[in-house]
């Protein structure tokens, strides 16, 4: 997984039907993390908001771990990092 | 997922039979996105056209999320990003 | 997927038995593509030859899409790109 | 897999329920390894502590190999590298 | 897949039990290959030794292709490249 900051969201009206109801957040991996500064789109699984520091799972873990086995999802926000954790 | 721009398409007459009928689009990830400027080929799942800004899922999510479980597909366009969304 | 050029082949006599009969081609992704100029080895699924421009699927799509579900294959040539397609 | 050093841990109170009880460690791949110096978050499967040199599996191997098939886990610490092994 | 050189091995006494009996080799992808010079750890499936040039499969192909479906393995040596093949 990587830790990143939620910096925005994406709106898509015309999309694969299995994505309906999914919040598509823009996450920027923290400095020093794999893929640092290279933004990706992750489906929110924990109620994350813009500005929060989050844990993101990628690959099949995103679909399967969020009970969206058949959705075209390759990244998901699966945790909100507690402040003061010392990662950033 | 990543957000990118559809910049072209690829024609392949001689191909794996499970790709027959698939539109193979060339997508260029947006500046600031993971893999920015590194083009990839994604199967169109939502009726995207050249010049549109799209959401692309990669890995097993592309096959499974687009009901092409047994096709050799590792990337798919799964949404069209609404204009004015503020990502670019 | 990515589009690349077939630049050679690899011979391996001592190998996993599920690879027996597989043609192992060296593919160089085209300039501008993801992984440009970083060669990879892909199993030929469509009768591609050296010098041809091909479509390569990676990850589980390579195994499953080529009906080699249990083989140690993570990349496969799944189409030959028609000349004049305008990708290169 | 890659070999890296455990450099910290992440605390997340609000997270996907399948991550409850998982120790989320920050691992920095060793110099010379794939992804060197690009930290990632891996679930501890072997009782690793900060400062130890560990083996990390990524992708579906992390979930499945650690008997967490349905958890949103894409990286796991699956071994502690013996000192004097000569990798670093 | 990629072609690389076996440059060492890793010893791990405390590890996931499904890795018991696996030889963990350090592979350095050849110059010009994807991930060139970025070492990774691959489980030996073909009796490879240090100094040999080998074919490495990554991702789920490593587990499944080597009949280690439930092990935390994301890379495996699945062939020894014949000398004189012209890849290096």
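Observations on the model:
Going in written order, the chains are labelled A, B, C, D and E, and every chain counts its residues from 1.
Quick note on the criterion: a contact is a pair of C-beta atoms (placed from the backbone, for glycine too) under 8 Å apart; a residue touches a chain by one contact, two chains touch by 3 or more.
Being a predicted model, the structure only gives us computed values, none of them experimental.
By the document's definition of touch, chain B and chain C have no common neighbour.
The minimum number of touch steps linking chain A to chain E comes to 2. In this entry, chain D maps onto chain E through a rotation of 70 degrees when their C-alpha atoms are superposed, rounded to the nearest 5. Inter-chain centre distance (chain C to chain E, centres taken as mean C-alpha positions): 19 Å. Taking each chain's centre as the mean of its C-alpha atoms, chain B lies 31 Å from chain E.
Chain A has residues 35, 59-60, 62 in contact with two or more other chains. Chain contacts here close into one cycle, and each chain has exactly two touching partners. The sequence of chains round the contact ring, opened at chain C and continued through chain E, runs C, E, D, A, B. On the chain A side of its complex with chain D, the touching residues are 1-3, 32-36, 45-47, 55, 57-62, 64-67, 76, 78-82, 85-87. Residues of chain A touching chain B in their complex: 8-16, 18-19, 24, 26, 35, 37-42, 59-60, 62-63, 69-75.
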